[in-house]
Structures are given as structure tokens and as C-alpha cells.
Amino acid sequence: MPTILGQNQYGKAENRVVKITRDGDTHHIKDLNVSVALSGDMDDVHYSGSNANVLPTDTTKNTVYAFAKEHGIESAEQFGIHLARHFVTSQEPIHRARIRIEEYSWERIATSDANSKFIGSDEVRHSFARKGQELRTTQITFDGENWEVISGLKDLTVMNSTNSEFWGYVKDKYTTLKEAYDRILCTDVSAAWRYNWTSDEERMPNWEKSYEQAKKHILQAFAETYSLSLQQTLYQMGSRVINSRSEIDEIRFSLPNNHHFLVDLEPFGLKNDNEVYFAADRPYGLIEATILRDGVEPRIPVDMTNL
Amino acid sequence: MPTILGQNQYGKAENRVVKITRDGDTHHIKDLNVSVALSGDMDDVHYSGSNANVLPTDTTKNTVYAFAKEHGIESAEQFGIHLARHFVTSQEPIHRARIRIEEYSWERIATSDANSKFIGSDEVRHSFARKGQELRTTQITFDGENWEVISGLKDLTVMNSTNSEFWGYVKDKYTTLKEAYDRILCTDVSAAWRYNWTSDEERMPNWEKSYEQAKKHILQAFAETYSLSLQQTLYQMGSRVINSRSEIDEIRFSLPNNHHFLVDLEPFGLKNDNEVYFAADRPYGLIEATILRDGVEPRIPVDMTNL
Amino acid sequence: MPTILGQNQYGKAENRVVKITRDGDTHHIKDLNVSVALSGDMDDVHYSGSNANVLPTDTTKNTVYAFAKEHGIESAEQFGIHLARHFVTSQEPIHRARIRIEEYSWERIATSDANSKFIGSDEVRHSFARKGQELRTTQITFDGENWEVISGLKDLTVMNSTNSEFWGYVKDKYTTLKEAYDRILCTDVSAAWRYNWTSDEERMPNWEKSYEQAKKHILQAFAETYSLSLQQTLYQMGSRVINSRSEIDEIRFSLPNNHHFLVDLEPFGLKNDNEVYFAADRPYGLIEATILRDGVEPRIPVDMTNL
Amino acid sequence: MPTILGQNQYGKAENRVVKITRDGDTHHIKDLNVSVALSGDMDDVHYSGSNANVLPTDTTKNTVYAFAKEHGIESAEQFGIHLARHFVTSQEPIHRARIRIEEYSWERIATSDANSKFIGSDEVRHSFARKGQELRTTQITFDGENWEVISGLKDLTVMNSTNSEFWGYVKDKYTTLKEAYDRILCTDVSAAWRYNWTSDEERMPNWEKSYEQAKKHILQAFAETYSLSLQQTLYQMGSRVINSRSEIDEIRFSLPNNHHFLVDLEPFGLKNDNEVYFAADRPYGLIEATILRDGVEPRIPVDMTNL
């Protein structure tokens, strides 16, 4: 046989599960998109089509829904850990499970009675609007022994309307760009950070708080950095997360430079004093980097965030 | 000539303009996507290709950017009114202008110093995150005499986790649906409302406040309605807007019924007590209707919101 | 009651139905996305939530699938006619049905034996690749008496690399565009044409042939027109369809002008002799118009094709 | 400094370049989307914001357009090789360049004169329609010494309407799936194959022919395999490419199982004899694997194709 099988995995992708928890009249939502990928003794199904070692992807889907009931969804990370442990420990041919989850956030709709602030008002506690800002993500990997948890976010669009410059760069024969001493800096943050929790022996991070804090540090570092390059801003964002959160050892960003070009209004006898911009689609700069706690080995795949 | 020209229009679509206004260190953003459509004496350009009556679409684009400087962007509606008036009054062959605008909302990033609440703290006032919730829309039409302003929003996803039923419907030979006495109701609100302001003689509405209030009434009516059908909820949403806002005479909704199916967990020995749902993509119910102030003629095109 | 109900409709949207027809070992596919919208005596469901007149959207979905078996899918148009007739004639409260269908085309995969051309070769007759070019569309409306069929296509991207000019246009104070005597003309054709078949008394068009011919005429008119404006090309495309197909009375186009800007290579000492272009995303010109057989009343809604 | 910089890269992404080549009246198109990612001595720009080693992303964009003129675009692969070589050899701080390219295919529009087949007919040779089927891709990486070329395709949707089964799988407590002895098999092929060409000393493959042949083998293996699992089909597709093309050593697939569920028509008194299917969106099975020539080290990143 002149060809052989390399890395392979399979499972049901994009299982959309919504879990409602009722605390009296007060309801809570978890809204997830769960993808399962399993690996192990799977040579036969590729070579001969024998499914003797194959737990159907339909079963992995059923398991997602059953586990939402059996274990609840405390956090996307905790839910993924339950799933990954189950597949690896319950099926002998499965040696490794990777669970990827996207989470949509919802906020309560403020109702008129809520605004009235009278005691006894019937505030509605089961109505929600989807926040729509960033997508929260996590990836849980388990090989029967060690855990790897890489969480993050996508499509968090941020803009500084000043405090950004770009000059002093290399100029070759194809360089026409003019130096900029006050420009808009705008990007859609995609970030993935790796937790140093790897074993059931260790105390698990507080996943919800950790997410909220990592997002806060990313936003604040973006806002507070006087930027000479998007790379510098990226490093500040990553370094602030690592320095503030001891449970996180590594973070990788993929940051498009969403160009906002100052429109030339001189042909119309107008002066554009950093006021009117054209927001361009393509092309865009794309800046990607990993920031690590000193002494730590990088493990976030380079191709997990880039394009 | 056996064929003739019917309704026609042209212009530059999707001009992405970002306007920064500086109030000392405090910056403000308006972020719009502006589409221009002009009509008038345009037979020749279709029949013979003569551009003698054609203001280039490139010029309509330039005008959008120049007007952002000359008039500022107080609101999407006000900006559209400036543009529509200009095209109709400055070019003899142009008899009608329609400006469509989508607006992206931004919120300030809260910085650490802002949290410290000390006098003299250097809160960052030029950093923003895109809200990402609904898209705000408006359409301004001007024929040289009368104005029509239809504003609205798109993709505002809302969910009630209870207080929704569906029963007592027609059953024919293709009906298999079981009646529901407690279901999730979830939709992506698309709404378009028409203002009764039509003339420069009349006092113009406060577009920003009107938008904010219309959105609030839609959300609250959604939350507070005990729903026997999505049509009933739709009517309550529309009727609350018309009744609360005297400047609005007509509103049209397009509401997908984003089905959340209760997952059957019995095969796994589990009881699903309205807890675990599968959020389906397609197909979806689609409910559309116009609500009018009594005595008013409908003018919002049916095909503006539906699919 | 200060508010009243205006135009309204409801139904199940985006029912994805695939029908396989077996002619021995030779299989045929029809792959449709069917949306149902019904109107009639529907006041109560909006005002009080009574569903007594409401055939559930779930039932309209079931009907789509059942009809694929009962009637087959000869063409999207014929299938929509079966559905619309059924809803209007079988349910007293339903006075009008509108069926919208998108159709995906597939082509056979040529297999190795097919290439061998030997008698008796086992050519595979059940394997297909999706064509991926344009999306075919149709909209069938029936009010119990008259039919309206508006068919068309979307996203058929075409380009002429020469034989396009643009000059002689109006110049105002915001005009900076330079005249062009040899430019690329590129657009994504969206077209909707109305058949003059309106009654069961009349002979029905051959929907499949009519579609194929209309598409051919659009493509050829695009290719063969020496263009002084996209409006002129649009008119030629429409007029050729009307003149060649007696069953079609009206056609409406929405044509983005997908700008291809000649890149300025002079800073690099290079001459760009209409060779290297930047394909821009936004903004784009948008040209829309209806072409009619002389003497015919326009009926295609303006807002069906535009943005 | 408690944090350090890990892998990083930057460049301009999604440069849309269209190149027209004129052979008399016969024109040819190449339509590419080119993304540049450069790595090297880039610590300073991250740590301090010094751009002294940074060739601007704007310059990398200019280089793409200039090279389309200077070198032409013989194939996406050849064009990427020119670019990668240039960045690494012309800028001392740049040690590695990765060029990713997506290619859109166009076909000629057949014009009426072309159909007439008369000598001297004026067939139009500058009019094109975008094919719209698969997206062709390539990734070129160069470190100053060795080349890596990974080409492929995306979104090639294929379907077998029979000759697919699925049974004999593992059943656990969450398994409810029924075995299938005749099902539809449908997937959107994403494939990435690695060429064994790595050095300027070796003879370069014929990139255009190699792409065409790899696609043909993938399609034919899909059509000709009687499938007991999508994994088996995947292996057959990969193995046929490796066995038929000596210039390719490794191929990785990501294949969603686009479920087509047989609709239950029994409630309507109808028998569904493998005729009417519901084409589901989410969730979907996702099958991914690498196939290698025996003895070869895998190099295609696992995260390049999966979700």
C-alpha cells in the first residue's frame, strides 16, 4: 500500500444547544455552538469502511444535548471538559477528544416596570436580547491524561480615534506610503489564550471570571496604549493579560488593521482636519503574534487564528 | 421600438463614512454606510448611452464625504436629508433622490482610571468598541416637494424563555404539529417605521430620541406580551410604537420565528422539563405585517422588509 | 382602537427540499429552497392571538415535502404553482399565496469510464457537483383567480475586459472622476422577469427552456454590447430578452458596477497598459431599471431587486 | 520582563488583483486574492513600536500589483513564488515569507456569432462569466532556502444519490441512529495538497495541469467509490491523488457530511422511496484526515483545514 493515513479526526460540528435554567421566575440562558472532534484507532474505517470502532457523529450530537441536562452548563469550558472526558474514558478506541465551543451572550431586556423602581413591580425576568458584540470561544483537548484549554474571543471591533502613529519604517522601491503622526487605529480582535491548568489534580480556574477579566484587560490595554504600530498595541494587550492573570500562560492574537483613510477634501475647497474617513474593506494589514509567560513553551497552533 | 424603459435609478451604494467629532479630548463617532439612488430624466443614458444627464456615481460618493465635513452628521436621518435635498435641487435632470443609510453603534471603552473615580484621572475619551447589536437603518426620499423618512432596525435578536403558547390552529391532512403551551419565542427583529414629517414647513422630529424610544417600546412590548402567536406579539410591538410616538404613523415588521425545539431526552432516561433546546437554522416561520395609525394610508413597501 | 392592521403574510421560509428522480441507474436532482407566504382573513391572530384561521407554518413545510412526492418537481415554477393553488383553494381564510423558490444547479461528474467511450462502460450516473454559478429564482403569486410568475437569477458575475467607455457626464463641484475610454465592465447580474401567463385558460410557458434562453440572451447582450454606460448595457440585456421571448413582458435588473481600478504603477517605473487592476469591494455603483414590452403595465416591485 | 514574544507575522491580506493579458482580440483573465505574511527580526516593533525593520504592509500590497506587471501571472503558485522570493531576498530582517492566494475561475461567454460557425464571424473574445464552483487556493512558504507549496481547493460541493451506506458502528447509551443501507452522501470538499518540490535545483511542477488533474481525481474517486463511511471515501480520494500524481506527497481533507434526511411522508399516506430529502444546515458531521505517500513526514498543519 503506497499511501498511509495520517492525523485524522471526526465528530459532529456546530451543535446548537440552548439551555434555560429557571430560578423561580428568573430565567438564565446559555447559548452554545458545540463541535466535537474525536481521534484514536480509526485506521479501519478509512481503509475498509468498517465502522466497528466508530461512535456515530449522531451519537456525539445526542451526548451534547443529554449532557446539557445531566451536567448543566456552568460555563462553556466546564461543559467541554465534561464532554471530552466522557468520550475518551467511555470508548476504548477513542484516545483524544477536542471540543470547540462558541458562546453567544444575552442580556436582560429592561421592562417598564423595572424602570418604575416600585417595590412589588412585575419586572419581566425571562426576556433577553442577544448582545451581538464579540463571540466567546473555547477549545478543550483531552488525551486521557492531560487537559489543554484554549479560550478566547472573536470579532471584538475596537477603535482609537487618536494616539496612533506610523513612521520610521523601511522604504524600498515599492514604498509609496506617507508617514502618519495621528491616525485612526481600528481592529477586530481575535484572541486565543491558553490556561496552565492541565490536570484534574490542580484547582480549576474560575472560567467565567477569567474570561471577563481577560476581555477587560484586552480592551483597556488597547485604549491606554499610545501606539507606534499595531504590533506594539498587540504586545501590550497580550502582556497585560499574562501579567494580570496567573492562570493564563500564553495568548495569540490575529488583528486586522481596518484601514480608515482620511478623505482628500481639498478638491472641494475643504480642509479635512482628521474628521472624515473612508472605512476600507480590503486589503487590510494583518498582524499576528503569540505572547508568552517567560519560560513557557508555546502550544497555541499558529493556524488557529490566522487567515 | 418595441420595448420601453420603466422605473430606473442609479447611484453609489455602500459608501462607508466615519466621522470623528472632537470636543477637546472627548471624541464622538458616527459610522455610516450610505447608499444613494437618483431618478429623473434618464432615458437617453439607457437608450443611447449618452451621459449628458448623468451625474457620475463617483460624484455622489464624493458628495457623501464632502457633506460629512460641510454639514456634520447629527443623525443618519438629518444627514440623508442634506444629501437628498442637494441632489434634487442642484441637478435639473434629477427629480427624486433616495438615500439609504445603515448605522453602526459604538460605545466607549471603560478604562481603568475611569473606574478609579479620582478627580483628575486620565480617563481615555477616544477609545470605542462596536456594540454589535442591531443595525440602525433609515431611508430618506425627496421629490423636490415632499419628504418621506422610513427608519428602522435590523437583526435585533430577542428571546422569551416562557409566556408563549401556540394552539387552536387549523389542522389539515398535512398537519402533524403538536400544540404547545409553553415554548420559547425567539426572533430577529427587522422593523421599518415611517415618520409623518413630510415637509420643510413642519417641525422635524428629534431623530436620535425617536429611534431610541421606538427601540425601547419594541423591546418592552416583546418582553411584556404573553404571546399566543408571533403575529399577536408583532401587533403589540407595532401598536405600542404608534401609540407612544406621535411622529410615527406606520411600522412594518419582518419577524422570523427562530425555532427552538425541545430535545427528546427520553431515549436516554432523562426528562426535559423545558430546559434543553436545539436552535434550528432553516426552515423558519416568517411573520410580516404593517401596523398603521387609524386613517392613515400605508406607504412602506411590502418588499422592503420581506425575503 | 387607534391602530389597525395593514398588509400581512406568514408562512414557512427556506424549506430546503432535494428530490431525486431515478430513471434506472440514471438519477436526476432538483435542489430547491422554498418559501411560503400566505395572506387572507388574519385579523384575529394579530389582534387577539386566536389561531382559528391559521394553518401552521409547520404544515406549510410538510406540504412542500409531500408535494415533492405527490407532484414531483418538473420545474421550480410548476412546483410553486402546485403549492400556491393548494393553499388558496383548500383553506377558506387564505386568499393569496406567494411562493418564492431558489434553485441550485448540479452537473454530472464525468467519470473515468465515461471518458473511455467503450461500449458497456460503467459510467456513474448518480454523482453530481454543484455548479455554483448563478442562483435561479422564481416567485409565484396566486389570488384564486390570476397567476403572476416572476422568475430570474442572482449573482451571475460577468466581465468585459474592453469595449466599455464612460465620458460626457455632468460635472459639478464635487466631480473629480476622469473620463474613461477603455475600462473593465464587471457586474453581478440580478434579474427578475415577469411572464405574461396569468390564467389556467392560457397555455403555460416551457419554464425550463424559457429560463435557459433568458439567461443566454442576457449573457450574449452583455458580451456583444459596446458600452457607453452600464445603463445602456442593462437596457440592451432587457430589451433582447423581451424581443426574443414572447412569453416575457417585463424584466428588472439590479446591476452593481464592480469597479476595477487601473493601478498606478508609475511610481515603480512601470507602465500599466490596461493590464493590472484592483478589484474594489465598496462602494460600488448600483444601476437598476425595468424594461417593458411597449403598452404593458409594470408589475415587478421596485424593492424586489434593489438594496 | 515577564512576558516574551513568540511566533509572529504580518503583511497585507486579501489584495484583490485582476490581470488581463491581451493576445490580439483574445483576452485572458487571472483573478486572485493575495495575502502576504512576513516573519523575521521583528522583536523591536512589538516591544517598543520601532518600525526600523518593518517594510509597511502598504508596500507589500504595492509589490503584489507591481509584480503582476513585471512577472505576469502564469499561475497562482508561480506568482506566489516570485513574491515570497522577493521579500526574503530583498529585506535582510525578513527571514520567511508566506503567500496565500485564492483564485476565482472565469469561463468565456459563448456569443451568438460563435454559434454561427461561419468563417469570419466576430466571436467576442473579451467577455467572461465567473464559474462560481470551487475556490482554488495555494500557500507558498520560503525561508531563503527551502520552498513549501500547499495547493488545494475549497467549497466544491458534490453529491452521490446512492452507493452510500452506514452501519455496523458502535452503539452506546446515547445512540439512537438507525443503520442506513442506501443514503445520500454529500459534502463540500476542502482539500490541501503538498508538492514535493522544495528547491530551486529541482524541476518545478506544471502547476496548472497538476491542479486540474488533482481536482479530476478527487471528483472521480468520489463518484466511483461505493461508500461504507465518509472516511473511506476520503481515503480513496486522497490515495488516488497521491498514486496518480508523483509531484504530490501529502493531502489533507476537511469534509462536512451535509446531511440529507429522508422525510417521513407516512403521516400523509405517502411512501418515500429514497426520493424526497430535507437538506439540513447544522449540525453536520465533520471528517478530516491526512493521506501521505508512505515514508513521507506530514507537514500540512492540522488547523489549516479544520473548523
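Letters A, B, C and D name the chains as they come in the text, with residue numbers starting at 1 for each one.
We take it that a residue touches a chain if its C-beta (ideal position, glycine included) is under 8 Å from a C-beta of that chain, and two chains touch if they have at least 3 such contacts.
Per UniProt, the chains are A, B, C, D = Uricase.
Note that the structure is predicted; figures quoted are calculated from it, not measured.
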| item | value |
| --- | --- |
| Minimal step count in the chain contact network, subunit B (Uricase) to subunit D (Uricase) | 1 |
| Homomeric contact subunit C (Uricase)-subunit D (Uricase): same or different residue positions, threshold half | same |
| Distance between chain centroids, defined by C-alpha means - subunit C (Uricase), subunit D (Uricase) (Å) | 29 |
| Separation of subunit B (Uricase) from subunit C (Uricase), taking each centre as the mean of its C-alpha atoms, in whole Å | 25 |
| Whole-Å gap separating subunit A (Uricase) and subunit C (Uricase), where each centre is the average of the chain's CA atoms | 38 |
| Residue list for subunit C (Uricase), restricted to those that touch at least two other chains | 16, 62, 66, 174, 176, 267-268, 281-282 |
| Overall pattern in which the protein chains touch one another (line/ring/star/complete/other) | complete |
| Parts of subunit D (Uricase) lying in touch with subunit A (Uricase), wherever the complex brings them together | 1-16, 35, 37, 42, 45-59, 61-63, 66, 90-91, 93, 100, 166-172, 174-177, 227-229, 231-232, 234-235, 238-239, 242-243, 250, 252, 256-257, 282-294, 298, 301-304, 306-307 |
| Sites on subunit C (Uricase) touched by subunit D (Uricase) in the complex | 16-22, 27, 29, 31, 62, 65-66, 68-70, 106, 109-112, 124, 126-134, 155-163, 184, 219-220, 222-224, 260, 263, 265, 267-268, 270, 272, 274-281 |
| Touching residues on subunit A (Uricase), where the partner in the complex is subunit C (Uricase) | 173-174, 176, 267-268, 281-282 |
